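Letters A, B, C and D mark the chains in the order given here, with residues in each chain numbered from 1 onward.
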Amino acid sequence: MTDSASKVLSMHDAIARYVHDGDTVVIEGFTHLICFAAGHEIIRQRRRDLTLARLTPDLIYDQMIAAGCARKLIFSWAGNPGVGSLHAFRRATEGAAPSLELEEYSHFGMVARFSAGAARLPFWTMRDYAGTDLPRANPAIKNVVCPYTGEQLATVPALNPDVTIIHAQRADAAGNTQIWGLVGVQKEAAFASQRVIVVVEELVDTAVIRADPNRTLIPGVIVSGVVVEPWGAHPSYAQGFYDRDNEFYVGWEKISRDPARLTGYLDEFVLGVEDRSGYLARHPGLVERLRASQQVCAGVNYGF
Amino acid sequence: MVFSADEMMASVAARELADGDVVFVGIGLPNLACNLARATHAPNLVLIYESGAVGATPSRLPVSIGDPALVTGSLMVCGMADVFQCFLQNGRIEVGFLGGAQVDRWGNINTTVIGDYAHPTVRLPGSGGATEIAAHARRTLIVAKLGPRTFPEQVDFVTSPGHRYRGTPRSAFRMPGQGPVTVITDKGVLEADAKSGELVLAALYPGVSVSEVRAGVGWPLMARTTLREIAPPTARELQLLRDVLDPDRLYLKG
Amino acid sequence: MTDSASKVLSMHDAIARYVHDGDTVVIEGFTHLICFAAGHEIIRQRRRDLTLARLTPDLIYDQMIAAGCARKLIFSWAGNPGVGSLHAFRRATEGAAPSLELEEYSHFGMVARFSAGAARLPFWTMRDYAGTDLPRANPAIKNVVCPYTGEQLATVPALNPDVTIIHAQRADAAGNTQIWGLVGVQKEAAFASQRVIVVVEELVDTAVIRADPNRTLIPGVIVSGVVVEPWGAHPSYAQGFYDRDNEFYVGWEKISRDPARLTGYLDEFVLGVEDRSGYLARHPGLVERLRASQQVCAGVNYGF
Amino acid sequence: MVFSADEMMASVAARELADGDVVFVGIGLPNLACNLARATHAPNLVLIYESGAVGATPSRLPVSIGDPALVTGSLMVCGMADVFQCFLQNGRIEVGFLGGAQVDRWGNINTTVIGDYAHPTVRLPGSGGATEIAAHARRTLIVAKLGPRTFPEQVDFVTSPGHRYRGTPRSAFRMPGQGPVTVITDKGVLEADAKSGELVLAALYPGVSVSEVRAGVGWPLMARTTLREIAPPTARELQLLRDVLDPDRLYLKG
């Protein structure tokens, strides 16, 4: 619960301990800081019947769907950003007998579900969904009448995952976590969750966190485990550490289109390696190609 | 001068933007259009991406709305709860850009499924932020190329609200935004009729006939009594698009 | 609306242009960054019939109440922090014929009102107020039934002030504003407001803002005017610039207890000076006594 | 050894805290108690202030809950919306400290008015965060000195919920927290009876009689059949309080 008790453990142990078959699992991060390393370990440990939730399933959930981890998907935009489709997702959802159950919202709806979960309220209110087919497609989208104006507003139910996995630039051993660049909906997802795993590029002394407390997005008191996994967000990115691997995203189109190639990819880069270091060993030149340039901002004065 | 449909669409979209507008923008042509406007008549345009980057001035052409180049040097980075509640639902967004697999007679947009929702023939990505952008942005601009499959009389699924839903006019839903007022295509510009909300032909590109436009629309397209003729991209616009904004032709494809 | 168009003006002009008789006015800041300079200028310009709203009225609203600016107060804790009472407030609210109208919530209720205002929703939902007399004292506290669980939850109505005044460490000329240390409810109050005045210790080039965009709390697009007023938050504080003047807070007890002394204070330090520089001239040694020590944090890398 | 009532109360409050607890704390004696606990048996106590400072380790005794010393070197600073929604309403706070002008038979607290609400004889500051702390903190600890005016049978105004409101038991309101389970006074400790919710005498300080406590309470105070006797502050506790935590006697007054 505190900044002196260490919660550091390996990715293998974190997934083994905190992610169980049938869990509702969230690996958040909007384009930025998507923890592929955790998704791959979940695939390696062959978790099943998971309800996967996040705004943008992205390549990581496409891989987990292809690997058979997922029973259901809760989402708001399922594409390959800037490229096209997630083909494993499409194969599981198109045609006469879809194999993947879907619960679909807009981005705002997903953000609102996490916001309600983080506040431990049963629902969140929005001005949205009027004149669309989304409430017909998803009966969980309901309405409430304002006790002041009498107007009807949309509601979504709280989402409280069993476990949320957040990738971050740095945290201390107690899980006090600092993120900069895009922060998406990670704070809300973490506070909404029963368990939180933080995966970091860099484990830092608590003094580093305490030197700039306004940067802390997730407090250690809600964190179950801390995993140190540099480059753990590849092919997504970590601001200040490495760039997004756009070539990989573009290349995923061909891989995911062909089930055999996708299986081959998983065999080679996920099931075929022990851990993240094994993954990185199979990507020679990656570090040199994507390492971030230096654009360090000035500090601010916390004196009084 | 020779120019492509993409170049024309980007130029027309740029001219729709006023200096100082706060624009909710995605990648692709809308992003090019915004940066073209910034480089010409609207230097004070403020771009907001649903990823949380506000006032971005990317040093490279962003390949996704979460590109790190949109963060570095931006005016503000905020969480997505603030993007949707404090900016969009708050009414701070003047213009929202949307595209879609299908756009119908009433400006309804479908980015969810082709076919039946439960058993779709094509599963599209879904709403993203489009549903709320179409509801809240003061004006929504649609950018899409004409074609009977893209412009059916009625979309298979209404992801983003237009001007009429199952016979009920938009006004009945009391949405803050005006909805899709302008549709920028590869042959001309459609506008929502102020009274009926139906999309009608309002302007033609140089050398395009009304019948050419009608051939790309799946309903009997009405036309305004006087059609504006839209000027082609200027040499300056083309030079910026080709040499500065998208030299690698990432988005200016055809 | 943008970062190139300057919104900088004097405090006199900002109050003259953006604060009108009868307005609902919010000067926010929880202990930290309370803009006394703006409150004093409102007193000098003799605004009347204001509805003053903030969580903790603090000394600044006690002074504005004593000066006759306020018709109504919307609040959640009206004391002199760590000292005792706000006596002008008490004189206006105790006994047979209170002269000040009150609308009272808890801190959470006020935060919720600003949150609803910022989201442009008519109300906000909370789990609060059950088993208390607050809903009887304030009929604006109502209930809503959850469309999912059927349980009854408390609601408060949105608060959308005419003008909100925020003191900050720094902003650019367009009002892109950065705050560190306690941030209270300033973001919500600013987004909820029709007009926003930002008062800063330091006017900086936009490049300073752009170097660390995660520090920006209030975007220029919602700011009407920017006032540069160093030490404008005294006797409250500005982290990294100057400490809280606890002696002043302690001394206020004696001043505010005695209406004659309070009038004397206002005559000498508010009505008796032209502006903030005149105020500072009457506090010799203030700068030396309260200037902050240097505890500058390290910067982070925004490169990619 | 000689010690004051404040020193005794601070020591007793400190002993109520378990290592690792997340405590929602104000200034004054509760703040002293937390720092005493941190310095003795609970080094991993996490202090959260309603101002938004989390895990503060102040380099000086804070004079307000918004003291800059609570920010510098803290683990996290968050907005107050997060304090109340993500921490308190979320159920992350184990212990909340409260005081009050009036505490009644059922643990209801009044910090709003003495007398009629519309025309009060004394206008108190109001709730601050006390209303929601009493509803949401898993356990609420009240620190107050005995006296018939401070402990009436019924408070003039219920600012913070106790165990019974106008005849209705707390359980009917389905509040997440247990409410005020322990009241630390200057003569002994009262506890809420598990069944009735009524405050009853549970423990006495050295040399204090039951009648002395009853004299300070405005209702016929019941006492547990066996009363605990609470040990006085240890030499270590007194040394920390006097020499380290409050050397200037800011809060240790009498």
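By definition in this document, contacts are C-beta pairs under 8 Å (C-beta built on N, C-alpha and C of every residue); 3 or more make two chains touch, one makes a residue touch a chain.
Remember, predicted model here, so these are calculated numbers, not experimental data.
Asks: Tell me, which chains sit next to both subunit B and subunit D?
Replies: The shared contacts of subunit B and subunit D, listed by label, come to A, C.
Asks: When I count C-beta pairs in contact, which pair ends up with more: A-D or C-D?
Replies: Top pair by contacting C-beta pairs is C-D.
Asks: At what distance in angstrom does the C-alpha mean of subunit C lie from that of subunit B?
Replies: 40
Asks: Could you tell me the distance, in whole angstrom, between the mean C-alpha positions of subunit A and subunit B?
Replies: 29
Asks: Going by the touch rule set out above, which residues of subunit B reach two or more other chains?
Replies: If we look for residues of subunit B contacting two or more partner chains, we find 53, 68, 71-72, 77-78, 89, 176.
Asks: Can you pull out the residues of subunit C that are in contact with at least two other chains?
Replies: Within subunit C, the residues that touch at least two other chains are 120-121, 126-127, 151, 180-181, 183, 187, 211, 214, 237, 239, 243-244, 295, 302-304.
Asks: Taking chains as nodes and touches as edges, what kind of graph is this: line, ring, star, complete or other?
Replies: Shape of the chain contacts: other, as it matches none of the listed patterns.
Asks: Report the complete set of touching chain pairs.
Replies: All touching pairs, sorted by chain label, are A-B, A-C, A-D, B-C, C-D.
Asks: In their complex, what parts of subunit D are in touch with subunit A?
Replies: 20-22, 43-46, 53-55, 57, 68-69, 71-78, 82, 85-86, 89-92, 176
Asks: Quick check: in the complex, which residue numbers of subunit D touch subunit C?
Replies: 27, 50-53, 63-68, 71-72, 77-81, 84, 88-89, 112, 117-123, 125-132, 135-136, 157-162, 165, 168, 170, 173-176
Asks: In their shared complex, at which residues does subunit A touch subunit B?
Replies: Subunit A reaches subunit B through residues 30-32, 55-56, 75-79, 81-82, 85, 89-90, 93-98, 104-109, 111-112, 115, 126-134, 136-137, 151, 180-185, 187-188, 237, 239, 243-244, 246, 249, 295.
Asks: Show me the residue ranges of subunit A that touch subunit D in the complex, using the header's touch definition.
Replies: 1-5, 118-121, 176, 187, 191, 206, 209-211, 213-214, 216, 219-222, 302-304
Asks: Subunit A touches which residues of subunit C in the complex?
Replies: Touch list, subunit C to subunit A: 120-123, 125-127, 142-149, 151, 153, 155, 157, 169, 180-181, 183, 208, 211-212, 214-215, 237, 239-244, 292-304.
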